[in-house]
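Each remark here refers to the structure printed beneath this line.
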Amino acid sequence: MPDSGTSDGGERIPSAPLRLFASLVGGMNAAGSCWIVVLMILINVEAIGRSAFNKPIIGVIEMIEISIIGIVFLQLADSLRRGVLTRSDGLFNQLLKKNIVAGYLLAVLTYAIGAVFMGLVIWGSVPYLIDAWKNNYYIGVEGMFTAPVWPIALIIVIGVAVTMVQFIIILADYCRLLNSPD
Amino acid sequence: SAPEIIKLTAVDGYPPKALQVQTFIEFFIPEVDKRLAKSGKYKIRWNQAFSGQIVKVKHVLTGMQKGLGDIGTVTSVFHQDKVPMQAIAYVTPFVTADPVLLSRTVDGLAEQFPAMKKAWLKYNQVLLTSYSVIDSYNLFFREKVTKVEDFKGKKIAGAGINMRWLTGTGATPVIGSMVHYYNKLKTGAIDGSMLWTDAAVKFKLVEGAKYLLKADIGTANSKALTMNLDAYKRLPEAVRNVIHDVSREYRDYTASAAMSKAGKAFESYKKKGGTIIQMSQAARVHWANTMPNIAKDWASGLDKKGLPGTKMLTAYMNKMRAANQPIIRQWDKE
Amino acid sequence: MSGVEVGIASVIIILFLIYAGIHVAIALGLVSFIGVWISRDSIDIAISLLAAATHDTIAHAVFANIPLFALMGIVSAEIGLGGDIYKVAHQFFRRIRGGLGMATVAANAMFASITGSSIASASVFTRIAVPEMRRFGYTRQFSVGVVAGSSVLGMLIPPSSMLIIYAIVAEQSVGHMFVAGFIPGILLATAFVCGIVVISYAVPKFIGGPTVLSDDDAEPMMGLGEINKLLTPVLFLVVLVLGGIYTGWFSPEEAGAAGSAGALAIGILKRRLTWQGFWRVLVETGQITAAILFLIIAASMYSRMLGIAALPTLFSEWLTSLNLGMTGLMVIYVVLMVLLGTIIETASIILIVVPLFLNSVEILGGDIVWFGIVTVIGAEIGLLTPPLGISCYTIKSTIRDPSITLAHIFYGAFPFAFIMLLVLILIIAYPWLSIGLLQTLS
């Protein structure tokens, strides 16, 4: 997979928007990584507070649920960029050896399908976000702990949108390779 | 001629072992089928997608809103942000422990206050019935507990909205899923838990919590049977009528089943080495009066949103008084 | 299209797309979208399915196990704890052919008691055991295959997120499920070790590695003091995590959080953890978490699509019409688990299949706890089988050696999947293997 947006083997200097996008993906990954530490600390503090001081943190379950979604969708685009998102590339590698154009075509198709799918998920998720924002949906128990739903719906929409753009960037890189296969 | 086939997908996140799903399968579906077969014009082809096949327990409502299921049993107590009027029994503890009466009464309120059905319509749902699968909430402790004063400093686990009943008792509420109570009780991570006896028996809590404090806090309508509006509109009128009729009977059937299951559950709790402690009337009165008036809070919150909260509370309490329920606290009259 | 047609067509298309190199999650999600569109004749409902699964599937505290135990595992690896366990295990097995493979199984069995997920096990031992086995000349496929195979112990030896999910579906006590998983877990680990012995003599080429070990080319034996020094931090973590869970002070997630904090503390005390190392650990934990949980979301889209196409209902009706005995039922069950396991993820299999069979099992007098262990082992075989085998994918996404392909991993894991099947048959035939300990205790 071409190393999109970060470096390009010296052939091409990434344009300013691409560099900006790469730092957005990197920044989201960093935020998600820090969130894992926050999650770990939160759960530890709650366990200690509950057992040692008889003071559990009310709402810890809701905070955990929010955290998992936050961690996943902040890091999804970076997982794709670094090739960690699971795919079986046996056929692709075979093709690259035998017929490089067909191999690149298959790659273009793969990343195009990925971008389309992410588009479908955004299409379905935006109404969730609008609904949650307009109607003040919350999780938890009123009078004890509540957290609004919209921030998490927003993270999902942003995470999926950035992943879609990442799919398109990798796709564009393969298109470029297709035009100059050497 | 051959009957017209109607496809309906029934959903819940809970498995067929959960009472509302069990009675849906053993009563609702066959009863609807039987009545439709009488006229022979229509036949429903059921897709029974329970156990979270399509939607998880907390997402039955949003799933049905989007048409992922046609008819389903919503655990309305999870959706205080969407259908807060359903919580009426949760904000009025120590009023009734009769699930049949409660379920019928709440359905009556839905007829009397159209806002209640309108709340569901906003989510593209037709409310068929609001009902209870719980005989009464009680407490299950590791150590002998007889009165509210004994709660002080004890960690008591519960599912959420009912945890507000502990406010003012000095107990530490621990919110968590029932599936974890067994381990936590057995090992002392919590001192007690608040749920209903049939569920406590299913989760074998007696092995960790020997003492059942029978406080008879009361029943609650935690469930609602609803149908997606588009699917509902597609039904011929004759079928709609059958669905409505059977929904009411399903409500009574399920609530009665909750009572008979509870009877067996108390027996089983004793048989497995548990001790049942009846909380004294004085102690119950004391507990009810230590709580803040959560009913009034709830009602005025609804009033502020332009919903008939106070009126509903009064109507509900009036009906309970008319039915001679052993009401400990007159929540509407303070 | 009927539910059956949708079901069969979807399987074929998913297999085709995955082989063509489409990301697995995308293939599952896209086919689910099209399946719902066709079976409900509504693009809106199809879109809603994608959104619902994206929002709901992982919004549950039980999924916190994955980042937390992955973090604990990756920290342990970063500060060399896994290597320490492994060195000791190596010492015990080094005079035996295939010994490093056995050491991997043994170390995995120990590690299984501090992790609830096979994914964590697979990612940890990919970093620790694979380079070590490669260094000693073991083949690519065996090095990764033994890691994949023994990683399933993570979900069988308690704590286990799969046993928790089964307990939820079948309304059994989590504690009982944990007790019941213990002996089958040890049995499976033992069977893996025996399997390695058999293969190392029958097909030595498959394994590679040193065939003759003499005192000259072996490293010097460690003294008790050194073993002690290597194992103390690990034992501390085992006691913290398992002790925490068995005394009930910790839920599995809490144990994972405490274990992660404990591993970090050990790293700091031993001065083995740098800031750069810490950051690397976090980024890696995040990427693994995102990849795995996104796959779980997509798998959930697929199982929901099957539900909408009414496949489970049709199946249930068919099953009732067969009038099978317990043996016949179990044969069908195991075959189905293995087939589904090729393309559906473990938790989804449990969620879809258990409700279909639970009733029949009860009617035929089967024990529900026993059935849970059968289910978890059966569904976990799928972790090792292509095209979708999550343990194998985890290894692929963790490994830094590009010369090791998914094909190597699946090939190497095959003997272990086969051994699992044999152990599963044993556990079906002798229910006391799973419920005996539980009955003794209560």
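A few remarks follow.
A, B and C label the chains in the order they appear, each numbered from 1.
Note that in this section a contact is a pair of C-beta atoms (placed from the backbone, for glycine too) under 8 Å apart; a residue touches a chain by one contact, two chains touch by 3 or more.
Here the structure is a predicted model, which is why all the values come from computation and not from measurement.
The chain closest to the protein's centre is C, with centres computed as averages of CA atoms.
Of all chains, B has its CA centroid at the greatest distance from the CA centroid of chain C. Here the CA centre of chain B is 37 Å from the CA centre of chain C. Distance between chain centres (mean CA atoms), chain A to chain B: 38 Å. Here the CA centre of chain A is 24 Å from the CA centre of chain C. Under the contact definition stated at the top, the residues of chain C that touch 2 or more other chains are 48-49, 51-52, 55, 59-60, 249. Residue positions of chain B touching 2 or more other chains: 176, 189.
For chain A, residues touching at least two other chains, in rising order: 51, 61.
Here chain A touches chain B in the complex through residues 50-51, 54-56, 58-59, 61, 135-144, 146, 149, going by the rule given at the top. Only residues 29-30, 32-34, 36-37, 39-44, 46-47, 51, 61, 64-65, 67-69, 71-76, 78-80, 82, 84-93, 106-107, 110, 113-114, 116-117, 120-121, 123-125, 127-128, 153, 156, 160 of chain A touch chain C when the two sit together in their complex. For chain C in complex with chain B, the touching residues are 3, 40, 42, 44-45, 48-49, 51-52, 55-57, 59-60, 164, 167-171, 173-176, 246-249, 251, 303-304, 306-308, 310, 312-313, 316, 351-352, 354-355, 358-359, 442.
Of all residues in chain C, only 18-26, 29-30, 33, 47-52, 54-55, 58-61, 63-64, 67-68, 71, 249-250, 253-254, 256-258, 260-261, 279, 282-283, 285-291, 293-295, 386-387, 393, 396-397, 405-407 touch chain A in the complex they form. Across the interface of their complex, chain C is touched by residues 9, 15-18, 46-56, 58-59, 62-63, 66-68, 176, 179-180, 182-184, 186-189, 202-204, 207 of chain B.
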